[in-house]
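Down below are the structures I want you to see.
Shared between the two complexes below is chain A, which has chain B as its partner in the first and chain C in the second.
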Partner chain A sequence: MPSAAEAARLRPEAVLSVENLRTHFVTPGKTVFAIDGVSFSLAAGERLALVGESGSGKSVTAKSIMRLVREPGRIVGGRISLRGDDLLTMSAAEMRRIRGRRISMIFQDPVSYLDPMFTAGHAIIEVLRLHRSASRAGARKQAVSLLRELKVPSPEDVVDAYPFQLSGGMCQRVLIATAIATDPEVLIADEATSGLDVTVQASILRTLDALAEKAGTAMLITTHSIQVVRQACSRTIVMYHGRIVEEGPTSELLRQPLHPYTAGLLSCMPDSYRRDKPISAIAGEPPVPGSEVQGCAFAPRCPIARPTCNELRPPLAEYAPGRRAACPYAGDVRVR
Partner chain B sequence: MSVELLRVEHLRKYYPLKKQHSGGKYTRAVEDVSFTIQEGEILGLVGESGCGKTTLARLLVGLAEPTSGKIWFRGTLLATMPESGWRAWRRDVQIVFQDHFASFDPRLPIGKSIEFPLRVHGLAQGRALRTEAEKLLVRVGLNPNLYSRLPHELSGGQRQRAAIARALSVNPVLIIADEPVAALDLSAQAHVLNLFTALRRNSRVSYVFITHDLNVAAYLCDRVLVMYGGRVVETASAETIFDTPRHPYTRALISAALLGRGAKMTEQIVVEGDPPNPADPPPGCKFHPRCFAAGPLCRRIEPSLDEIDGSHWVACHVAKGVSVA
Partner chain C sequence: MTAQPATTPIVPTERDRRDDRVGLRDAGRQGWAMIRHNRVAAGAAFVLALVFFAALLAPLICPYPPNQPHIVHRLAFLGTPGFLLGTDGQGRDMLSRLITGARTSLAIGLVPVMVAAILGLGLGCTAGFFGGIGGTVIMRLLDIIFGLPPALLSILIAACLGPGLFNMLIAMTVIVVPLMGRVAHQAATTLSKLPFIDAARASGASRLQILLRHILPNALPPVIVVGTSLSGMMIVLGAGLSFVGLGIQPPTADWGRMINDGRSVLPIAPHVATLPGLAIFVVASAFSLLGDALRDVLDPRSSTPGFRA
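What follows is the complex of A and B.
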């Protein structure tokens, strides 16, 4: 199995590489292993999905890359490099020059990320003045053209509107404008379309799509939605209990999942053509997030688990070019 | 022969806006909605935020009073129902909310919350309360020893199942479920949907199932009402809605839902823009600013909801074959 570093060497265009990342939340008497050994790389213009359910560690992964994990959370190990620059050894001041300039991030609940006391345009103008030393008038002009590019109707008015006057979808477009104002190398979208209506979600994902195509921005999209993965992402990583359980090109992974968890997740999609049959739900409940598990974390719910699964943690191994899975019996479970 | 349980006619709900800003205007949350629910039927209400589906749910359970329109429950007009009828009605009609955490008193064990309606309606007392609550937990697929757990000790899916157990405790005939799976992970959603299907098989309870996800509606519901801007824009059986949607908005919703099932990207219908502001809706058809098929007529005249095929109703000039040029 090639390590992430080798993979990065094999694919010289890798913009971001994450290697054996471990982020734990340490409180007296208890350690939560939120992320325990996550490795992947992201190429220019690629749209990579990190998919998983709540507590799987996808958001902590995204925040770790930005070094935005709050106490008592701590990155206890691993390497994150942005075109060779090691983000984890940087000083706080150096890191501030990375955030918003070379890596940008957008979040769920866009309305709460805009300051209610300032106009939407102010947010974009501030970024341009800080990172691009633009003049006030120049920044404003650029803000309008950014919004126009994002298909915001009457951008001149939106620039002067306050967040409460805008819909959630519009606020998210404003935040995307702030995120891409500096032409970042990497854009992280952390459940960025989750609170939005499906039709608005579809249109925003299409915008991101065009952006990756045109500017070559590498995108890391965390989501719990299969629809988002299918529409927006070329490659997919499935996370469970703080680890990667499967990785592969989106279309192949969804058509023919290797890991029993991925297969189980896809079987959970309600299908109107099988109305008479119950949904084949994954048995049991997910483990307590971050709890220590000796073997495979999915074993207690897995339909094909064997006794050894509870003892040995399966490594993420390559099964086909570009397809990795952390299961010795990968491919043995079909969807439904 | 199916028996009509609920009949809603020309239901409207307007909320007044503050006078100094609007000059006495209204937010038209629900505008002229009519439908019926048969005994044992699951009716899906599908739409996006601001389309009026939650207001409609609140009207149906009596948490809001209609501005105009009529609701009949088993042939009795609610507006003229004597006070004595309300107590029984409040037992017969139950609601399950989206936010399964806010639905429970955080300091009360789950079991105590479940037996509360039984106590209020005098259906059980003393030791029988706990036995009943444990039976209900089993009925929704939970371990009866969750009785003494506090809400935060349960997972989201377990809490939502407990909320359903509480709604079932008083043997209702109609349950209004307002986005009961929207806040759940996919695997927990599957368990809750299976529970709804099992409950339908084993009892004659009717459901109004509110969701923004047409995939869920098509799987679970018998009939679907698609709402947009406070109005019903299309209604038909779940199969018909999914296989031959006629309203452009329904088609966009289905295209988003189908993505989860492996439809090709090229087939996707993406509509731009945002749903209308109910306080300031566009003239004519409420969907025309986002519609790919709209013409000048759509901007002027609001289409009425008409039957185009047996039991398939749609409010769209284009779908009805009217020239919109």
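What follows is the complex of A and C.
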């Protein structure tokens, strides 16, 4: 039997595809367009980054795929398919069999995503019993071996530890263990490394890396950190105001951004190789999340904006194979 | 002098290793450590344990049957030979009656609260987690009961059902359910917004599974804390019901009943009413103090044992 990674290389079709996804938060008198027409696909073994500032819609995208958007949020349009199964038309019971089994999710602030009343091992065991109907003893054994696989020191003790007794990094490993316990096809990491020490962050990313290589798990990693993107993701999608503004292979996108927003993001990042380079900020403020904007949402902050930018929303167009950007002047962009 | 540190190997001792694991094993041990360090809580727990075992072993340790009259020694004062705590108006041994009375008092203190805790947890958590119209209806119905004065309501129910221990327990349960329900509801609404509930949903748990596995266990500590404090109040209330004749019927030994018995002889034999009153005070206070201490112990997030005197 070929390994999962090999199988992924043989048929690189999309595991997960999202088409024209629109998630709105509808309250009386006000509609927030949190995501407004997002499309992308994710191949087996691929690590795809969703980058953007807070409020750009990356977390809502992640939650929409799991159909875990809370009221008053509602997925109002689009299609999400997991190897051909349409997630948005499924019944709630069918969707529960997808969550945690075929798509798993890990979160920011891992400590608070573990039930304080139960041990770390209990969390892993619960998922195993939920989806694999394993025996308690068997699930426990598997929990220990999962933690060992994730390079957790003395996993026998961690299994019996309560979340408050563990560090953030350790809790994140426990959450990863719960997420991969069922060998999911897709793993969504929603800001999973934000708020952790850089060293811990790096080791978590390495763990995810190894996982994608070994098990062929497709990963969607939302982050606001270019560092994370650079280290962990083969392809990157940049989001701004609920839409995709640029998409491309990470290395090319970082070297030669097409959209002025991407360029702006990159110039905000300190560069250890060019100490003389000043750290700049993108002028202005992002629009109120989910508000209706005519034309290009980035135009008010854009250094190369022209009057027409405020009138027509530029479509996401292909500039090179695999590289898309939503800016008609994509050629003029340069990183300051 | 300088040679000594060099020859001492720096190896973790068995004790060090044990200390590393303190808390890694169970929160129960931390709770025990807390009780030991909190002298008030330890005292309260000790008093309650004493009363509990005295009640349990009443027939064995009572000097006399609690209802046996000693007409010659009527209204004997404290320290009378043979009657350590004296006798009441019918010459019954006070010590025997106090020990036997602890049985009904503990039953009154614990049974309604436990039954109400189970009912309140179920109702409150369901209402708090699922919300909606059903949740609102449950909570408003509980509020109706909650809005009535508890003492009067219990008197009303007990009077309707007729006197007796069992009916009294029912009346008191009805009073406590709304309190427990509110505590559980409050806990469940707060809990259902917490991230780990999202994590449970993301791992494919159904709403019922989340309610049973995450909401209920997490709502339990506040309910236990409130319940423990309420037990003291229940003993006082139960004594009140017995005092007015709606609870325990004579000649059964009961602290509330005994206060009533001592009322008529208060000027000449004050101990007959005072001793059961004192017993109620001590046990009720012990429950309240223990409840306060449990508040800290039962929160597994408090990783360090408190060192309050």
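Basically, the second predicted complex is superposed on the first by the 316 of 336 C-alpha atoms of A that agree within 3 Å, B and C clash if a C-alpha of one lies under 4 Å from a C-alpha of the other, contacts with A are read in each partner's own complex, and residues count from 1 in each chain.
Methods note: a contact is a pair of C-beta atoms (placed from the backbone, for glycine too) under 8 Å apart; a residue touches a chain by one contact, two chains touch by 3 or more.
Given the structure is predicted, the values throughout are model-derived calculations rather than measurements.
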**Asked** Looking at the overlay, does A:I98 come into contact with chain B only (first), chain C only (second), both, or neither?
**Response** second
Once the structures are superposed on A, label A:E13 by its partner contacts, choosing first (chain B), second (chain C), both or neither. neither
### Message
Just to be sure I read the superposition right, which of the two partners does A:E126 touch: chain B = first, chain C = second, or both, or neither?
### Response
second
Message: Contact-wise, after the overlay, does A:M170 reach chain B, chain C, both or neither (first, second, both, neither)?
response: first
Note to self: Taking the superposition on A as described, I'd like to know which of chain B and chain C A:D86 touches: first, second, both or neither.
What the structure shows: neither
So in the superposed three-chain picture, is A:T199 touching just chain B, just chain C, both, or none of them (first/second/both/neither)? first
_By the touch definition at the top of the document, which applies to A:S112: first (chain B), second (chain C), both, or neither?_
second
Q. Touching A:E213 in the superposition: chain B (first), chain C (second), both, neither?
A. neither
Chain B and chain C footprints on chain A meet at residues none
Note: in the complex, chain B contacts chain A through residues 48-49, 155-158, 185-187, 189-191, 193-194, 197-198, 212-213, 215-216, 218-220, 238-239, 242, 249, 252-253, 255-257, 259-262, 265, 268, 270-275, 277, 290
Listed in rising order, chain C residues that touch chain A in their complex are 21, 23-25, 27, 194-196, 198-206, 209, 213-214, 217-218, 300-301, 303
Residue positions on chain A within touch of chain C in the complex are 66, 68, 93, 96-101, 104-105, 107, 109, 112-118, 123, 126-127, 130-131, 157, 160-162, 164-165, 175, 178-179
Interface with chain B, chain A side, in the complex: residues 53-54, 151, 153, 167-170, 197-203, 206, 224-227, 230-231, 254-255, 264-265, 267-272, 274-275, 278-282, 285-286
